[in-house]
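In what comes next, chain A is part of two complexes: it sits with chain B in the first one and with chain C in the second one.
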Partner chain A sequence: MGIADQLNTYLTLAGMLFAIGTFGFLARRNAISMLMSIELMLNAVNLAVVAFGAFVPDLKDDGAVIALMVMAVAAAEAVVGLAIVIAIFRNRKTPLVDEYDAMRR
Partner chain B sequence: MSLELLTVLIIALPLAGFLVTAVIGRRLGLNAFWVPVGAVVLSWLAAMIVVSAVLGGSVGEEGVHVLLWQWIPAGDFVAEVGFHVDQLSATLLIVVTTIGMLVHVYSIGYLRHDPGYWRFFAYLNLFMVSMLLLVLADSWLVVFVAWEGVGLCSYLLIGFWYRKRSAAEASKKAFIVNRVGDVGFALGIMAIFVNTAAAGHPTLNIRESIEIMTAAGTENPSFFPIPIALVAFLIFAGAVGKSAQFPLHVWLPDAMEGPTPVSALIHAATMVNAGVYLVARANPIFASAPEVMVVVAAIGIFTAILAASIAMTQNDIKRVLAYSTLSQLGYMFAALGVGAFTAAIFHLMTHGFFKGLLFLGSGSVIHAVHDEQDMRKMGGLRRKIPQTYWTMLIGAIAISGIPPLAGFFSKDEILGESFKLGFQWVWAIGVVVAVMTAFYMFRLIGLTFWGESRVDKEVEPKIHESPRVMTTPLWLLAIPSVVLGALLTWPGPPLGPLFGVEGEGLLHGWLHPIFEHGEELLGHHEATFEIGGIDGTLILISIAVALAGMLAAWRLFGVEIGPLRGAGRPRLVTSLSNRIHFLYRASANKWWFDDINHLLFVVIGGRLAAAMAWFDREIVDGIVNGIGAVTRWSGGSLARVQTGRVQNYALGIAIGLIAMAGSYFVLLGR
Partner chain C sequence: MRAWLYLIAAAVAGAIVTTPAIFVLLLMGGSFEDATVASLATLMLAAGLAVVTMRDIIRCGLAMIVCFLALAGLYVALGAPMVAAAQVIVYIGAISVLILFAIMLTQDKAAPSRLVFQTQAAPAAVAAIVLAVLVAVAAAGTDWGAVGELVGAATTDIALHLFDQYVLAFEAVSVLLLAAVIGGVFLAKRERDA
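So, the complex of A and B:
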């Protein structure tokens, strides 16, 4: 059985993508980069879901449906997130989130 | 006009007078008296029509009943606002409206020079409204409202000259001391409600509730949740406050700071009688609790002798009368306590008239000598103000109990009844009080009207008799002071048949339906009146002691009636008061009651309150503030977690996620 035929391969890849996304979200100060990291995490999850759908007979149809729904949610999230980031950027003239300190004062 | 409408008018007229005067009185200036006095006169007319209908028996034994509206409808229980005029209310109506009217007329002259003219009449009318409501109301709740209403008016009128510090303090004292009794009364009303509810029919209607609480089959002490004796005691507590009986008597003498018409109307003739009325009204409740009756009698007769002993040495003319009022009220409570309810109401009526007369007379005297109240600076006023002198002399003879004036009949009835009903000790003390009464009254007359003038030199030539608007009420009060006693005890024609009462005194006949139940419960039965036997002896003793007191006063303070002449003996007075130094000082210092109260409530009570305040400030507030401080401190420390950096929060989420996932694996791995 080749490496491409095993569920674990896809799950490992998904886990790695998720970890990279998480790291990016925590480490980057740029709001746009953070949104991109979020997308990465969502796609990691999508990959895992689709992999389950392909390898577990009971989840055959469900996996694809869930993946489609996650995509829709991710798109909506990206729209709202980007709108917020642009609004803040117009206000504060900076994309760096550690300078968004209105709540602290 | 129907009787119901007239009954409402009795109260509505002074109420309208109060409203009108309160709103536009200031602009009327010296004409402010027309509306309030007119209202009271018309109210008197209406009252007289209602009274004659009720007492004449043309409306039957039930009396006139008016239901105005339902005040508190709550399921089974409905508190109604309504009036009920029965024989007891009617007799009280006579006193309240007649004296009220005469005092209003008198005030036209007395307060002439006062800037608060309109304010005085507004208050006076408001008082009439409250007092009439108290007498007419048929629900305990409405009686309580009226009870507080007269207290409020009393407060306002005692402090009428509120710029005077002593007047302001006296009004506060009256109000606060009255509160003590009112707590008892309020609890009594609640107890009545609880008891009637326990009997299956919650009501605060006076007659219904009394009927329920004294109905046959309820003798078992555990039938009611609150014992009848306690109910009676609580009602009596209210009466003690309002009628200024020991130990709540201290407010009445100070209440003399108010204008004299107020002292006459509120603190002699009407409001202070409210306690007597209340106990008389609740007579079956008291009759079901004989042990409380003994307390009533004891407190009454003790107040009588205490106040009489103080009255003997006071120098302020109004204070003598104030203590005399206390003492006479004591008589009334003694009469109630021994079960002689009719005698108490009888004395209430006669006392209202002659004490109202004496107070108004003293006001005329004070007016004449330019606001001097100290009898040591009077004397010899007989010739200067003859009208005042003669009317006051009539009042003094009446209160001393010399036949055939009014006071003799009522006082003798109280003393005689207490003796015959088995309260010989009440009778014995009462006889001593009778001696003292005659003594202090003629001391007052002697010091004020007889002997040499001791008036200040600059005032002396300006002494003048009061205007006719003040002397006419005096004469009008003097008439009932003379004849009322004989009138109300007269057994035969022509008056008896007129009112459908025969064979007994008028008043007895009128009040028979009211006190029938109470007397039945007490087991009293009509004793025959034997002028040749025990009754005659008691009457002779009464007359003898009254004469003794009078003669003693004449010997010490002089006399000038017709051929009777005698000079005062100030030296004898001094040597006598030195011989019984302790008693003299006790009397002059009012038995130190004000000092005892000061020590108890101001000094000791003040310390206790200060300790409580410290406890509240340091301990209670400390705990509350401590909780606040701890919350604030911990909140401040925790606030540092909120950095406002998105990464920090995200890190928190990530750590949480790892922790959850990690613990899942750890648990799964086991």
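So, the complex of A and C:
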């Protein structure tokens, strides 16, 4: 049995992509980079969901439907998140999150 | 001089993508599908790493498009062409363009961010690696009731499911999208001096 028809391949792949996104979210300074990392994490989860739908017979149709829902919610999240970043940038003139320290001073 | 650099970069990228395919095909005796999945997975992970590590944020956005495209290829390999089409339309067509626009609106040339990472980058890397290992171990150690072959869903079945069993979620998502559009316009619009 090759790697292309095993569920574990895709789950491991999704875990690695999710870890990459986690690292980006924790480590980047730019707010838009953090949003891009969140998109990577959402895509990783989507890959896991589609893989389950492709390999578990009980979830045959549900996987694709859930993946489409996740995409729609991710689009809404991207719109609101980027609008917030643009609004903050207009006030603070910087996209770097560690300079958003108004509530720490 | 510049052109040579681009050529070398393209050659390196092509080598990164094709090496695992050749490896799987020749050394592990895999099928053609195995080779395709291996090279798509490598492309996805390499582009994902480029998204989180590259200095120039525009290039991060373009690498994100490559990552999403490789992921769409993986969806096709998983027998879900409907999801792959939605991935290309929604992620590459809409979200990536939105993010690229936001990048162009918020980066100023005067102060290029020399320091890309926070000070907690090293612990974050350790945490991410631990997370990946945990997920891999958990995925390998659990019996998911999976069968060894693809049970791809037909688009008709997906549509029947979406508009029958999941119709409430479908309507809720439509309301959510409307709220997101209105909220996005409200948040991003310039305030009028009153």
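In this section, the second predicted complex is superposed on the first by the 104 of 105 C-alpha atoms of A that agree within 3 Å, B and C clash if a C-alpha of one lies under 4 Å from a C-alpha of the other, contacts with A are read in each partner's own complex, and residues count from 1 in each chain.
Note that in this section a residue touches a chain if its C-beta (ideal position, glycine included) is under 8 Å from a C-beta of that chain, and two chains touch if they have at least 3 such contacts.
As the structure is a prediction and not an experimental result, all values here were calculated from the model.
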Does the chain A-based superposition show chain B and chain C clashing or fitting?
-> fit
Thinking of the overlay built on chain A, is A:L26 touched by chain B (first), by chain C (second), by both, or by neither?
-> both
After lining up the shared chain so the two structures overlap, which partner does A:Q6 touch, if you call chain B first and chain C second: first, second, both or neither?
-> second
Could you let me know whether more residues of chain A are touched by chain B or by chain C?
-> C
Contacts of A:D98 with chain B and chain C, given as first, second, both or neither = both
Considering only C-alpha atoms, give the closest distance between chain B and chain C in the superposition, rounded to the nearest Å.
-> 7
Taking the two structures together, which residues of chain A meet both chain B and chain C?
-> 22, 26-27, 29, 98
What residues of chain A sit close enough to touch chain B in their complex?
-> 22, 25-27, 29, 34, 97-98, 100-105
Listed in rising order, chain A residues that touch chain C in their complex are 1-24, 26-33, 35-37, 39-40, 43, 46-47, 50-58, 60-65, 67-69, 71-80, 82-87, 89-90, 93-96, 98
Parts of chain C lying in touch with chain A, wherever the complex brings them together = 24, 28, 30-31, 33-34, 36-38, 41, 44-45, 48-49, 51-52, 57, 60-61, 64, 67-68, 71, 74-75, 77-80, 82-83, 86-87, 90-91, 94-95, 98-99, 102-103, 105-108, 111, 113, 115-118, 120-121, 124-125, 127-129, 131-132, 134-136, 139-140, 144-153, 157-158, 160-162, 166, 169-170, 173, 176-177, 179-181, 183-188, 190
Mind pulling up the chain B residues that touch chain A in the complex?
-> 642-647, 650-651, 654
